[in-house]
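The structure follows.
Chain IDs A, B and C follow the sequence of writing; residue 1 opens each chain.
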Amino acid sequence: MPHFTIEYSANIDKRVDMAAVVELVRKAAVETGIFPVGGIRVRAIKCEHYAIADGNPQLGFLSMVLRLGEGRDLPARQKAGEHIFKALSTHLDPVFANSKFALSFDMQINDKETSWKRNNIHEALKVEAAHG
Amino acid sequence: MPHFTIEYSANIDKRVDMAAVVELVRKAAVETGIFPVGGIRVRAIKCEHYAIADGNPQLGFLSMVLRLGEGRDLPARQKAGEHIFKALSTHLDPVFANSKFALSFDMQINDKETSWKRNNIHEALKVEAAHG
Amino acid sequence: MPHFTIEYSANIDKRVDMAAVVELVRKAAVETGIFPVGGIRVRAIKCEHYAIADGNPQLGFLSMVLRLGEGRDLPARQKAGEHIFKALSTHLDPVFANSKFALSFDMQINDKETSWKRNNIHEALKVEAAHG
């Protein structure tokens, strides 16, 4: 279930390798141990038009939202969130060093009563594990 | 009010006609009978950067979130959701047959106390219906 | 904390200057006085694929969602929301005059227990203010 959606200002595309960012978040999510690997989906959306703070076009942002299923208590979510945020924040140290930048990470919980899914990745991973 | 937002991994763009997908979801939403036609808005956002499950770049996902207004009870939302999900899932059978793929659909309810809208589509549809 | 995310149908890109729209929303958010300037982030995402109402491709939409932190009461959020919506809606009067269009604005509140951030913009603005 875990869905990580990153939105970012297009002006950081030259300074940040976004393919590396989504992979870093994926790995950090696996490391938390609280998510089934087959359900992890991280993506990034570049925003060509943005206006930040006082409107200075040099400012940048990266905002991540995690939607996850019910069933994990607050301490587990907080511990996982801290781990993922720390990995992401450390990776972006050079951006903070060289520019004015805003990073954020928020979690939302999906209502299990109105949630549908179909996924053949879980099974493929099991087969790989058995044959690996 | 119903807002359907689809996010999908760019690698399925060659295998899936996304214009057909948004139209299919729109039709399925109309068929549920619980939404005013003039309020239905479906869109899809291609995500160029993504990392899924074990990181295999061949994996794909399509995630849909519906934001809708208050005022429909859980059974009505579940029945509508099942109808829409079934239509979408069936349409994607070939994708599941030929690749490892994760499909999901979740609903969120907008707070009516902090919701604003302006829409001249409803009226246009009434005029069309009267003159049709 | 305030995050404004706009999604819009690609067909309005020729009629609406989206850079002006995000700047207008930013200014209106500052004017409300309830947000720290350094935390305001507005962005717009163009949706190439969309299906609206009866499927007529001439229809258009612009949907804005604000995610904000806890700690502001409902009247304060409503007053701020009305100010921002009015500014945006007035700006789009020509779009409503010349086409069938749906505008919406909804607020969501982030859970402070699972919210992480890092931001060096606040400090930069203070320095500017002190030296201005």
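We take it that a residue touches a chain if its C-beta (ideal position, glycine included) is under 8 Å from a C-beta of that chain, and two chains touch if they have at least 3 such contacts.
Computed from a predicted model, the values in this text were never measured in an experiment.
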Task: May I ask you to sort the chain touch graph into line, ring, star, complete or other?
output: complete
- prompt: Which is it for copies chain B and chain C: same residues on both faces, with over half shared, or different residues?
  reply: different
- request: Would you kindly tell me how far, in whole Å, the mean C-alpha position of chain C lies from that of chain B?
  value: 22
- prompt: Of all the residues in chain C, which ones touch at least 2 other chains?
  reply: 45
Query: Quick one: in the complex, what on chain A touches chain B?
result: 1, 3, 5, 18-19, 21-23, 25-27, 37-46, 67, 110-111, 113-121, 124-125, 128
Task: Enumerate the contact residues on chain C facing chain B in the complex.
output: 7, 9, 45, 47-55, 59, 61, 63, 65, 74, 77-78, 81-82, 85, 89, 96, 100-108
